[in-house]
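Here come two complexes built around chain A, the first alongside chain B, the second alongside chain C.
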Partner chain A sequence: MNATARDPVICNDWHPVAGCIDLPIGRVHSTVLLDTPIAVARRDEQTYLVWLDPEHRCRHHMPLDAAIIGPTLPATLRYGHLWTSIDEPRHPLFSLPEADEAGRRPCHPGSIGVHTGGLRAIENFLDLAHFPFVHTGILGAEPYTEVLDYTVTINDANEVVATECRFVQPQAALNATGAAEIHYIYRVPRPYTAILYKTCPLQPERFDVIALFVQPVTETRCIAHQWICILDSSSSEAALRQFQLTIFGQDKPILENHREKRLPLDPRAEMPVRADATSSAYRRWLAGLGVRYGTISASQQ
Partner chain B sequence: MIRLYDYPMSGNCYKVRPLAAFLGIELALIPVDFYPGRAHRDAAFLAINPLGQIPVLEDGDLRLRDAQAILVYLAAKYDGTRTWYPSHPETMGKIGMWLAFAERITATASAARLHDAMQYDFDIERCRAEAHAALQILDEHLWFAEAGGAAWIATNDHPTIADIACFPYIMLSEEGGISREDYPAIRRWTDRVKGIKGFITMPGIFPR
Partner chain C sequence: MNDRVSMHPALAAYRHRWIVIARTADVPAGHLFHGRLLGEELAVWRNNAGHINVWENRCPHRGVRLTIGSHLGDQLQCRYHGWRYATGSGGCVHIPAHPNETPPARIGVKVFRALERSGFIWASTEEPSSEPASIAHLPADHHPLRSAIMRAPAEVVAAALLRHAFAPAGGTAQRIDPLTVVVRHATGQETLRWLIQPSTVDTSIVYGVHAATVGGAWLEAAQQLNASLQSLRSTIEAQT
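The block that comes next holds the complex of A and B.
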């Protein structure tokens, strides 16, 4: 709790705690957010509950019973996930207008627990350079390993945005029929949330949306909730999920391999190995917001 | 074509894919939405495997569940050289022993991974302790095997299905918080497995 006590930015933010698909009606989902044991349940079609469970009395999948419900927290259902805050949210949940666009298919590939701090997971999500080496044959392939110049800015909503990113990808999406140059836009609306827009293989003038919502469990553990909202009406749900989970499964050992599980914000730390514009901007932006949870600041090093 | 009910993140499903690759067998993969869809518990899948587990293999009229049973069948039927499952009584006995041991690794190291990665409600400390006990046994076995000139779990010169069955959840152990630091003979052996010609990976396992 010490780490959270120091960080009002993260404590007063919204965080995902479960995908809707993992919340069968009348069953408890037990989890941890910001070192705080909580329980989550769906009482009926419309009602979702989140409550503090300090003694960890709620076991995963136990039947929902009024007697086990503790002090409740705010709960918002959006983007296929249930969101809560352990304090007072200071602003509404970030916007993702494509979620309501006709013809898009929302899908929750899964929520995967990872032995690393959540900011590491976001930073990896923003990194183009690892595609050919980690997602070989899918999101990249040799000899197309060069990251071409792109632009990183902070937009009016104070989000990190990277535009004009391009990469040659053998299998950019499940419905891709061959290699193509794919355009990317990245958006980081909140410290633990990142969204990417990439060329849709069948409608190259439009973008598929892939989001990573990270639940900070502790400073060194997280649950990565993926959510996609794409223009693919023919692939089966199982195949779509497996495509995304395969990619995430390739990232997982890389993420878990970081010796330091928190993200260093000191610009001198790690920079020689990771001279990546989005990553630098992300770390600077986190420092500017005053984020401490899951980070190492210059003074701590 | 031979059909495999498959999930890319499952180490048990993965066991089948490298052997098929080594033997030049093409598999038609049928995706089962194990997590988060829990499709292995649907009535439709329970009709295929009443235990509600993947993998399941179908070859013509034959339907087999259990990764180890599938390895035995594919090697016995499709390996003309009989090196992956030699028809030598002593070796067959040893392979059977280590196939059962692979189940032990599933019950401990894979359970720890399911707990950490997919929020399963298991006693994690116990899973990890029992996984370490199993790794210790294999590490010692491999150390003595190497000292006696054997490179593989049940044989000297050529890997068998025992090596394939034990490999995946050992390689994925870190995802369940189980370090392999203290098992040098296991680390040398996993490197040898990765060096087998035609070796293929799964998410979470990288080539050598």
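The block that comes next holds the complex of A and C.
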């Protein structure tokens, strides 16, 4: 709670609290955002409600009833998720133009609780070097372990962007037919949001979009909401979902074995190498934004 | 609230001692043993030649536990990005993301002093002031008892072991150093020794060493001691 009070950047930002497929009409979804118990419900096709539930009176899946609705919070439905803010949002939700492109299939593979800080989950999502060891045979395989130099910049919208990322992958996607060098672009629009643009095996000139929306539950726990918007038209939704969940299931035990669950912002706290350029830029950018929630600042080290 | 706890003052008193952290049998070849020493988390393993390594359980790259990694014989490999660390020095010898470069010499795991003697593995967080005297005079023919984890500070455990004595009729119990209690027969011969490991500020592990008795009666005696130790544990934990 104290950490939230100290962190206007995160408190005044939008955060995902549920995938819309997880919100049946007329039922309450009870969750926690930034140490704050909240409840979420879908009243009808169009109306979504988010409210503070400080005494945790709302049981998960209980019927929606006017008597249980507390002070409401802003609610926006976008990118397959419901977004809210525990304070006044200072910016509109980040943009993701591909979401509205024709010929793409949006899909929400699932939301997974992870016992680590959300910033660790984002950093892992931005990481190429772990593919051969954690996603062996799918996103990477020895001896193709080298991470070639790539470019990291901060764009005009003050987002971290990594371009020219390349990696040899045995099975880059469900519809891949063999090993291929895959091209990636990473984009980090907000501290707890990361988007990956990945060569599409079927249309090499276009990119599949894979996003990770992280809900910071506490400084050391999070819910990772995945959202994909890809060009694959042949695979079944169940198969796509399974593929993404398999990948994340391989990351989870690693994420839960960080000795420090919060992300250290002091560059000397851990040992980055060139392959970690995105991670280093991300940490510097978080420090520059003044993010405290979920971090270990240099002074606390 | 830093996730990396600095050493508690109650534990700092043991910094310069050799402390038992495991029995030899706890760390078979090829195994990565998760241990504790004065609040530190340890990765304990032996290389192909049997040499014991006691390391901080933390990969310097991104802080992941090394005990979820792989034992490669003379190196330990981190599970996350495959960085490899050499037996002995703990120095990083391979970074797969840059396979053709020599890792910078400054990259290495934090290594603790370690030695193995009389069926136990000992470690120290700082330069020890003496040899592990508590084990040096063990009778040649001895049997380790089952170890017991107790939710209590080492000081409380040591005091309780001394009080409870476990001494045979006419025998004596003596605390020869803060973490060792020796029990003697009326004749003065040592029959039992308790070694205490301060794992964290409020958790300790007790290892018993039982001198062999004639006529094969030691098994029965050992069973009795194991049972007594368990009841002592309940008593201590009920009080703290």
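Quick note on the criterion: the second predicted complex is superposed on the first by the 297 of 301 C-alpha atoms of A that agree within 3 Å, B and C clash if a C-alpha of one lies under 4 Å from a C-alpha of the other, contacts with A are read in each partner's own complex, and residues count from 1 in each chain.
We take it that a residue touches a chain if its C-beta (ideal position, glycine included) is under 8 Å from a C-beta of that chain, and two chains touch if they have at least 3 such contacts.
Remember, predicted model here, so these are calculated numbers, not experimental data.
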item: Touching partner for A:R166 - first (chain B), second (chain C), both, neither; value: neither
item: First (chain B), second (chain C), both or neither touched by A:R284; value: neither
item: First (chain B), second (chain C), both or neither touched by A:S111; value: first
item: Touching partner for A:R206 - first (chain B), second (chain C), both, neither; value: neither
item: Which superposed partner A:P253 touches (first chain B, second chain C, both, neither); value: both
item: Which superposed partner A:G19 touches (first chain B, second chain C, both, neither); value: first
item: Partner chain in contact with A:H60 - chain B first, chain C second, else both or neither; value: first
item: Footprint overlap on chain A, where chain B in one structure and chain C in the other make contact; value: 253
item: Sites on chain B touched by chain A in the complex; value: 7-9, 31-33, 35-37, 39, 116-121, 174-175, 177, 202-206
item: Chain C contact footprint on chain A (complex, rising order); value: 127-130, 132-134, 142-143, 145-147, 220, 253-254, 257-262, 264, 270-275, 296, 300-301
item: Residues of chain A defined as touching chain B within the complex; value: 19, 21-22, 30-31, 59-61, 108-115, 223, 236-239, 241-242, 245-250, 252-253, 256
item: Footprint of chain A on chain C - complex, ascending; value: 2-4, 41, 57-58, 60-65, 68, 79-82, 95-100, 107
